[in-house]
């Protein structure tokens, strides 16, 4: 369904990079969630550019919640959040040049030339600000139920971060970092490598690894709304994601069944598994263990290096250099977007299982 | 939406491993597709066990199309295909034992003990027979429009197949192989390794790589029904899939932007890209190049080795050995399932872009 | 979404009048509903022809539940019910004749001549047998929660039945009648008038009035899934329904606001309204009072009188007389269909409000 | 799906009567529709209060299109239209009083007291301004294809307007009237009766009759997305609609089959029917004749007469008089809302049949 995703909790996005406003409508969240505007701002800040390694488009991301919140609580009706666009330098963009790795040509193919092409239009990463603002409210709801989401930069510019290990239990520190690594030294290495790529007018990508704790067993569907299906559907909508894997993911293909299978145990109180190669999901349904997945984020396609391409209006083969603002890496910024869509999908799955009032606020 | 997937073309599955029938309803396919029952049988045969490396449950998969086809053509109304279950040895299964890597425990958590647990019930790979029969009709429709799907076993039991290369242009030979590798010697190696694992009461996994040619540019949506989103949603519903990646996929994270970006060119007739690291998709929308993706298939969880687990009825920690029929590898059988769900998703996307009559049969 | 309706509980129908089987898939019903095959048969019998006033196509409606039920309880996975077609005299039908009031011409316009035209094909009232079988399971679930549905023939062939009055509290007697009137004398009058129309090779219509008791307040949505919206969506899919009204319905336009408004009261235990002109629904949401609505059922379009029409293949203006079996009235048969779709919609709304386990079976 | 309706073209509404903004997102309209802001304003004016017979809340309805339109053309991406609320006198409303005929009590039942109760909140008729602004763009698209929608006040305060007759062919004059009757003398009578009811602190209702011309044959689905189902689903979301009927509607129950059936004819060029008792729809699908339907609009529930009701917070039986602004009749204002949702549903059905580019703009 085009720009809407979700069953019981549905998110609709709208806006273009250089239009008047971007935003989102979140429908179906339970009534009674406390909406903390400071937390929304905090999340939006995590999505915003960071230091030398990001684009100089420094917008304040002033959002306005125009509906669905009353006396600082969600009302249960659609929450529309709008974020006005400022600082929109349209002059940087020319129509007809198919920037390699971008959607200029595919947008033209789809929308017959009527697309708002400025700054990537509706395909712009800027639209993710609406996801993040919406996701912040979903995250608040989940935390009330003891469900926590944490994502770190597992790999960036060929540098690997530490393993999650015990951080699975406390994601707060991680969630407040602008450059979310477990091992800050590795983070510094990554940043140096990003800066090096930038100085070559080039860009780098990375892997984000996410863990969700506190989910009850029994969430999700065998066909077709498995937890993996619903999450991957949302995650592959995040610009630059080219791969999604759960638990052992692609590494599972080098394992034997006896290594991959997660043995169940009962500790007198709870059922768990000794390993978690299935990422907390069996048959599409949560088993009560942490849900673990990874997203491959491609290197930012916007680079200032000269590239071969076409002008699709004139059908000429041309060379292009993309000037103006851009990020040599968006992995660290994509992190909070991943957390946000994860939270929205989980609220949807919880609402389907437990009903509209799953939060239990009265 | 639980057991239904798709917007304009929607697939609904039903059935349990040891119930009366399994089957599927496909709704929204254009009227006028020639339905070739031999081709459906052929596709079902590809899904069926193969030689020593597969389960001895040899059912003929006799399907019956009970609606939606008239005079060998689709009518445009829902096509229901039922496949009776035969040879269902229920005695092999006991309730309460959480087979590691299986959905026994999660099904119990979700359905409160009312689930049909025999042979995995609704979670069984057997349900994919309905996908394959449905997908066969979708494949026939796509071929009429010059759209072809081919999948090979890129990796299995640590053995790698040859690269797709020129096979992208001709997938017919590949599609007729029971063990779909490009390099048959590599296939023999794989089979030996599978047999070796089987002899150890163990199992192996693998990677399936799919290429789709002939898709026009302009199919898909930026948010949230990107081609990647729609395909991954369907693919992660296929049992044992733990990862999905498009184009360069997870490898893209080690590339620079200048390496990853696919330069466009115009050859006087068509727009193409020199490389295809984005897998034929920019911004969620097809660019006219082949769509390429890979699925990680985990080693079959059903192994006869002794494993630790629980009885979730009695909450006891126990040891289990799974006897009865099972496959030491399902990668080669999953291949046609992947092709089938791919075809159904593509028909859906084409129908949304071009309308119900996209096939143009009059 | 074409042949599927519902959000959390979804019904998919398939089949053609003279195909192999018709049937339905119901997905999303809670696990643990006791499935009473006798009750399903009973409901199917109510839909079947009755005495002289109905078509001589007397099929036994032997249904088979092929999935989703285990040990006589729903499993929570899709329930597929198939009903084989028997006694299908295809010779009665010729292609190209647009029977007035029927879908022959519109089916041709939509499906380009590929439609199964025999006996109305997928448009046939026979498809409602699948709705009735599915609805029977939904009705059983609702009754477990004290929710009852009753429908009487409020008007038929210009004869009016008694008012609902106290029958609202006990619908059992009504639900077991083959010709569901409150005042049997009125029923006899109706039947005589139906027979009189039949003797003139003509047909009559009527109004069905439905009451649902026991629904809690707070079910439904303001936009767009109001209780009225969801019910009317399903009801207008029932063949021959040309009008749907709630509470005072079209009569409300002759009332003053002070007459139409239903005054609330609190009796020390429950909130109620003194009148029920709004049919138990305010702002799209149940208020705890009985939900009341009426459906206009047009006279059966199949009549043996000579009629003017076209042959849409040859584009000739012709005269036609429809021989073969048909009903001079279907109002009494449509009754159980209305009850069935009502039950399915209510299960959907309850599941959205209270979650998958709204029935509370453990 | 709660506040979103439509498959290929979907409308999402948000906002509360006294919140910051109300608005709507329309997704899936074709690229290339010329957006005429004057026409949107004109349509919003038709929804606004009119003379003595309407509420004194005279807001300018200044709307802003914040996305999806570029260079005065739709881009094919979501169009978000926001309308700021002004002149919001919150003091008029007290929490806990269940205004008879209103959603105060049901909102409380559904949202557990977290609802924004001011002025009806999300249930307010004010939300329809978003429908009207969205619908205006849909109407422009339809007119490009020769599809016209016209609605008149068929009955109001017991006064009947003239029959549609030849007005079916030209709806322009009608569409520009603030009080849309065919016979202005009848309109004056209606207005006098409305004023008389107002002077008694009471209100009246009416019937709106709509005709759509220019639709091709073959639009809609047999189950469950019949044209009747889709339109009624949307229409019953419009506040105060308590009945919807197509063609002869409830009158069909007093007709014989031979009277009700519409005889087809072929005039050498086109297929038509002599009568149109089925309202242009057979089997849920358009037959090329005008689509005709009527909506019953109940008398405005907001009246200043003293009424019995409850305070649902204190559970007291009370008397209430509703002061502040309100309309003694909303039938004339509802007219443009009906046209708007009709246009959106038709765009959806056309898009499903003919694809995203059904408008053919390049």
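In order of appearance the chains are A, B, C and D, and numbering begins at 1 in each one.
The definition used in the following text is that a contact is a pair of C-beta atoms (placed from the backbone, for glycine too) under 8 Å apart; a residue touches a chain by one contact, two chains touch by 3 or more.
Keep in mind the model is a prediction, meaning the values are calculated, not measured.
Which chain's centre, taken as the mean of its Cα atoms, is farthest from the centre of chain A?
C
What's the call on chain B versus chain C, same or different interface residues, using the half cut on shared numbers?
Same; most numbers are used by both chain B and chain C.
Quick check: more C-beta contact pairs at A-D or at A-B?
The greater number of contacts lies at A-B.
I'd like to verify one number: the distance from the centre of chain B to the centre of chain D, where each centre is the average of its C-alpha atoms, in whole angstrom.
Centres of chain B and chain D (C-alpha means) sit 45 Å apart.
When the C-alpha atoms of chain A and chain D are each averaged to a single point, how far apart are the two points in Å?
Chain A and chain D have C-alpha centres separated by 38 Å.
What's the distance between the Cα centroids of chain A and chain B, rounded to whole Å?
Taking the average C-alpha coordinate of chain A and of chain B, the gap between them is 26 Å.
Quick check on chain D: which residues sit in contact with 2+ other chains?
In chain D, the residues touching two or more other chains are 1-4, 7, 13, 77, 110, 122, 222, 353, 356-357.
Name, in rising order, each residue of chain D that touches chain B in their complex.
Per the touch definition, chain D meets chain B at residues 7-8, 77, 222, 351-358.
In the complex, go through chain D and note every residue touching chain C.
Touching chain C: residues 1-5, 7, 11, 13, 98, 100-103, 105-107, 109-110, 122-123, 127, 155-156, 158, 197, 200, 202-207, 216-226, 228-230, 232-234, 236-237, 239, 241-250, 252-266, 271, 273-274, 277-279, 281-288, 296-303, 305, 307-310, 312, 315-317, 328, 353 of chain D.
Would you pull the chain B residues touching chain C in the complex into a rising list?
1-4, 7, 10, 12-16, 19-23, 25, 27-28, 31-32, 64-68, 70, 73-80, 82, 110-116, 121-122, 356-357, 361-362
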